[in-house]
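I have a structure here, written as C-alpha cells, and I will follow up with some questions on it.
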Amino acid sequence: MIYITRREHFNAAHKLFNPDWTEDKNNEVFGKCANPNWHGHNYNLYVTVKGNVNPETGYSVNLKELSSIIRTYITDKLDHKNLNLDVDFMKGLMPSTENVAIAIWKELLPHVNKLDCKLHSVKLFETENNYVEYFGE
Amino acid sequence: MIYITRREHFNAAHKLFNPDWTEDKNNEVFGKCANPNWHGHNYNLYVTVKGNVNPETGYSVNLKELSSIIRTYITDKLDHKNLNLDVDFMKGLMPSTENVAIAIWKELLPHVNKLDCKLHSVKLFETENNYVEYFGE
Amino acid sequence: MIYITRREHFNAAHKLFNPDWTEDKNNEVFGKCANPNWHGHNYNLYVTVKGNVNPETGYSVNLKELSSIIRTYITDKLDHKNLNLDVDFMKGLMPSTENVAIAIWKELLPHVNKLDCKLHSVKLFETENNYVEYFGE
Amino acid sequence: MIYITRREHFNAAHKLFNPDWTEDKNNEVFGKCANPNWHGHNYNLYVTVKGNVNPETGYSVNLKELSSIIRTYITDKLDHKNLNLDVDFMKGLMPSTENVAIAIWKELLPHVNKLDCKLHSVKLFETENNYVEYFGE
Amino acid sequence: MIYITRREHFNAAHKLFNPDWTEDKNNEVFGKCANPNWHGHNYNLYVTVKGNVNPETGYSVNLKELSSIIRTYITDKLDHKNLNLDVDFMKGLMPSTENVAIAIWKELLPHVNKLDCKLHSVKLFETENNYVEYFGE
Amino acid sequence: MIYITRREHFNAAHKLFNPDWTEDKNNEVFGKCANPNWHGHNYNLYVTVKGNVNPETGYSVNLKELSSIIRTYITDKLDHKNLNLDVDFMKGLMPSTENVAIAIWKELLPHVNKLDCKLHSVKLFETENNYVEYFGE
C-alpha cells in the first residue's frame, strides 16, 4: 500500500456570510471574510489516493488520469469562479475551507472509485497559513 | 546605498471586464478572468526602498515603520476587499496586476518620501506563476 | 471530523548544551549547536485541531480564536526570545525541536480544550530540512 | 513518542518504459515519461522516524546520524545518477516515484533499526505537484 | 513602463561533458554532472517582458499569449527531453544553465517582438540553490 | 554577459542594541530585536556574479568554486554563531541585515575577483518577509 498525492490549484472568490444572522453577528463571527463585495484566494488542492503498485507500470495510479479527474470534476468548476454563486456542488453551503474540502471529497469519490485505488484525503490550502484535511469520515 | 524589501500580503476579489466592450470581446481578451461573479487571489506584495545605512542603527529604514506604512495605506485597504468596487484608489481602473502595482506605487510614494529612503520598486505576485514589477517610470 | 491547521512563526535563539557533560562531549553530541554564544532559527509552527463542522458557520473552529490562543500562550512568549533563558514553560528543558514541540503541546492543550475541537498535532520546523511532529502521546 | 523528519535531495535522470510492451503502448501509458533519451527531476526526500525523547539530549534521534545514513545509503547512490541504469538497489525496477520510495525504505530500514528509533515513513517529491508516501506495509 | 513575469517549467535530463577532453578532465571540471548516463532537473523558467499599460485592458501584455509562446517555442521542446540529444535549438551547445538560458532568449526574442512589449530577461532555476539570469547582451 | 546566483544559508543568533543608548531608546528603535538574551534566524544568502560564458564549459563561473568560496569565507564563519560576538569581520558592527550583507560583500570581493567573473550582488533574507540587496556602491 502506497499513498500518492497530486496537487492542483484554483483561484476563486467567496464570502462567509450567514443570511439568517444580522450583519453585526456576521461581522463578529466572520470578520473581514464577511465583506459583502467578496474577497478571494489562490487555493492549493492536494488529493491523496492509496493503492498497490502495479508491477508492470510501477504505478499505484496513473497520475495523468487522476489529474484529469480532478480537473474535470473539481478545478474546472471552481477556477475563476465565485464559490457562493457559481458552483453546482456548493449550492446552499457556506464556502468555508472545511465545506469546500468536504464537497470536493464527495465529488471526487465516485470517480476515484473507478480507478484501482482508494481516495485517502483531500487537503486544501486557502492561504500559506491555513489548510484543512478531510479523510471522508 | 542598499536596497531593503518588505513583504506584505492581501487576499482580494476582482474581475477583468471592460464595460465598453461586448461580453464576447471581454471573454476573448480576458478569458476566465472576466467571470461576472468575480474570482480572487492571495496577493504577495514586495516593497523595495533604497537608502544609506545609519551607523547608529545599522538600518537603512526601520522596517517596523515601512511595514506600518504599507499596512495603513495599502493592505488594510485591499485585504478581503473587491478591487473593482471597494478601494478608493482603484476607482475607475481595471484591476489588472499591472494597474494594482502602479496604484500601490502612487499611494506609497508620498509616505515613503517622509522616511530617510527612496521608493525603489513595487513587486506584486498575483499567483506563484505571475508577477509584475514597477519602478515608478 | 475534519482537521484544520494554522501556521504561526517565531524567531528565537538557543543552544544545545548539557551542563552535566564535558565541553568535549557536548561538542561530540551537539556539534555546532553547542556554540556557547548561541545560534538561532526562524521557527514555523503548524497547529492542527480536529472537530466537526458547525453548519451555521461552516467552521470546525474559528481560526481567529485558534490563532489568538497560539499567539497569546506560545509565540508571544517565544518570538525574539532565548529558548534556554527567557521562556517560563521551557525552564529546565533542553530546547531541542522535540522538546519545544512537546512543551508547546502541553501549553496549548488546556486552551484548545475550551474550544469545540481537539488538539491533534503540533508540527514544528526548525529549518526547511528538519521538523518534528507530536500527537500528545 | 515523537516523529522527526529530515529532508535530503537528489537530482536524477530516468524514464518509464516497459520493454515487454510496444512503443505505442509505452507512449499511451507513460506519455512523455517514456522518452527513450530520458528526462529528469530534482527529487526531495523526507525521511520520518519516531522515537522517545532522550532526557539527556532532548533528541529522539541525532539528526546528524540520520542525515549521514540517508546520504551514505541513499542520496550518494542516487544523486546525479540514472535511476534505470546506475543504482544497484533499483536494478530490475521501473523507476516510478512509488518504486523509488519503496526501494529507499528497504535500504534505509536496517540502518535506521540500529538507531534508538523506528522508521515511520519515506515521502518522495518528484515535482512540486506530485509525491508519494510509504509506511512500509 | 512595467515589467511582467510569467513562470513556466520543464523537467529534463542532461550531462555536462566535453568530448574534446579526457574523462579525468571532465570529472575534474564537471564533477557529478559529467555522469555518462545523465542526470536531470526540474527547471523553473521566469520570462520577464516590459511594456506600457494598455488603458483598455490594464495589460502590458496578455499573459495567455506570452504563456502560449513560451510553451510552443520553449517548454514543449524541452519538457521530458534530453537537453544534449533531443532539442533542435541546443544542438552543439553544452547544456549548462547559462547556455540553456541564452538559447531560450534567442528562441523567444522574435516571437516576443511581435507582441506590444520587449523581452527583458530570462531567469532559469536549475535547482532551488542555483539560477542564472540573462538580459540579452 | 550572464548573471549566475548561488544560494547558501546559515543559522545565527544576534541582537540589535546600541550600547551608547538607554535601554528605553533601544526598545523604542529596535523593539523585540533588542532582547538582551538574543534571538536568531535562518538566513538565506544569494550571491550573484556576472561574467561571460566559457565555450569549452558552458560556465560563466564554476559553481563548485563559488560555493566553496562562500562557505569558506562566509557561511562557515556565520553558521551556528552569534553575529554580535563570534564573527571576526562583524566586530564593531550592528548586525542588522544591511550590515551583514555589506560585510559579506567586502569579505567575498577579493576572492570572487580571482575568478573569471565579477561580484554583482549579495542578497540576504533574514525572514521570508524581509531581505536586503547590496551591489557594492
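Letters A, B, C, D, E and F mark the chains in the order given here, with residues in each chain numbered from 1 onward.
Just so it is clear, a contact is a pair of C-beta atoms (placed from the backbone, for glycine too) under 8 Å apart; a residue touches a chain by one contact, two chains touch by 3 or more.
Because the structure is a prediction, the values reported are computed rather than measured.
Interface chain E/chain F: under half of the residue numbers present appear on both copies, so the contact uses mostly different residues.
When chain C is fitted to chain D on its Cα atoms, the angle of the rotation, on a 0 to 180 scale and to the nearest 5, is 120 degrees. Centre-to-centre separation of chain A and chain B, using mean CA positions: 28 Å.
Averaging Cα coordinates per chain places chain A and chain F 41 Å apart. Within chain D, residues 128 each touch two or more of the remaining chains. Chain contacts here follow an irregular pattern that is not a line, a ring, a star or a complete set. Residues 16, 18, 20, 29-31, 93-99, 101-102, 128-135, 137 of chain F touch chain B in their complex. Listed in rising order, the residues of chain D touching chain C in the complex are 1-8, 48, 53, 55-60, 62-64. Residues 11-14, 32-33, 35, 37-42, 79-82, 85-86, 127-128 of chain C are the ones that touch chain F when the two sit in their complex.
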